[in-house]
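Right, I'll just put the structure down here and ask away after.
We call the chains A, B, C and D, going by the order they appear; numbering starts again at 1 in every chain.
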């Protein structure tokens, strides 16, 4: 059964939140769509949305990851969803897994921007919020309807999907 | 961690799958959108989609519910998602809870048809598929980002949301 | 070349503006989407939007049609687009054609509500606004990319399209 | 009144037809969406769609423009719509105006790709097809609900809109 407690959503950017700038014809970040997506999903979860950064995950540095770890530690909530670009999601997941104890953290993202109609973002957000309510403490990636522990996942860049990968 | 086994999806209709008939200006059922929604969500889950009926849940009879119970029993899978109209979802959930043992069954639906743009359907399907992978055997309703045991939920018809309701 | 003068848009309802009431599961009217559609089309036309009524055109009475004629007469503009349900669009067009002189009036509508994603509404509005800028005074129906004089059109109800029909 | 004759649609690419490549996270061209858009608009016009090129209009060379002129000349139809990137649409329009006689040619495009939900493309296509049916021979740009002769238009790049510009 779902646990009825507040969930923190940390926004870091990624494809999820990219938009199309019609003046310059380029993709860019304006603001997060997470609140709009929760409204679309008629979510009645108690959530606290916190935007940490709005960047492409290819630009994410160690310093950025340190600030994500800090935000997870400082959060009053024990259940945290992080929206993140898919390109380096597994790196951030492993950094978090090594640094955090006692919290359930689920990273998710999208292959296509939420605003572009054909996005997987709403599906992924729904699944991430469900996984974060039910899984034991640990760090996970929720993509493609599945959920992977941080140390057993890799992005297959050719296929654009996440897969199991055992690590010793 | 998500269990890696096949999930059965039983389709019964509901708002989820309603479409607009442009010749007659009325809502109607054609075929289920579940496969299209899984493709949109880039789902890589192993699922078996089975359409049992395509009806408004206000028209669901005891006989219909018996056939849903039978379909759950006959299913090779121990994890089952049922798409269902919201109006009588709690009744079907209780019927299933009284009749089934040893399977994890999650009912979900939508307040707005998937095809109408402003639908919560994709969010709900994502969350239902996550809950069904992680919850212990039992019957649940996944709506509004939350998950309720069959005997502790009611639809608030004025607000159009699902709420906790303890039953003795 | 397009005439650069103000255009009046008279809103009467029709499928165009129908929405889905998620509490009751029925189609209904709330407010017109014409302004939102013009914004989506990045329209820079000078328009005046006036809502006369919000009804299904099957419910349109002689009195309603008289008020539409009056609104066209009183309008300062000589170019008028009317959004209208498709079921009786030809009747209103003929009423207007018999009663008005010296103005270019184009009726348009949609087979599917604008809010439902698969709507022809935006295409029709774009074409109606172009036809109204370029056609000589008279009353016309703009649907299916085409434009018909009021006395030479009928809706083919089986196919859901508008066709030429000569009247003697 | 609309002329009932076949219209040729020449596709050259532009924002109109851009898509999002979810593997590489970049915009790209696959194939034209014009046929899909006409179906959405329930168009019953007799059209012939011909793809000349699929390029960003910033990459359009004199040679490309010569091939567009040739395609207009060879077309059996006297009414032609050209889909085109907005950045150099006015240049192509002037090239066509200097080289063609006796045909009505309307260029149109979009500020946001058709596939991205918030696109003006369907509105523009509807208006371009209406203008091409009603205007006298000449070359025009149809954008923002308006229609400009080729020698009296410029794109305001800061605002992303087309404006009147008289040329001596």
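Keep in mind that, in the parts below, a contact is a pair of C-beta atoms (placed from the backbone, for glycine too) under 8 Å apart; a residue touches a chain by one contact, two chains touch by 3 or more.
Keep in mind the model is a prediction, meaning the values are calculated, not measured.
Shared contact partners of chain A and chain C, listed by label: B, D. Greatest Cα centroid separation from chain C: this falls to A. With centres defined as mean CA coordinates, chain D is found 45 Å away from chain B.
Rounded to a whole number, the gap between the C-alpha centres of chain A and chain D is 40 angstrom. The centroid of the Cα atoms in chain A and the matching centroid in chain B are 25 Å apart. Residue numbers of chain C whose C-beta contacts span two or more other chains: 111, 118, 160.
Chains that are in contact with each other form these pairs: A-B, A-D, B-C, C-D.
Within the complex, the chain D residues that touch chain C are 1-2, 4, 37-38, 40-45, 111, 118-120, 122-131, 133-135, 138, 140, 142-149, 160-162, 164. Contact residues of chain C toward chain B in the complex are 15, 20, 22-23, 25, 27, 56, 87, 111-113, 115-118, 157-160.
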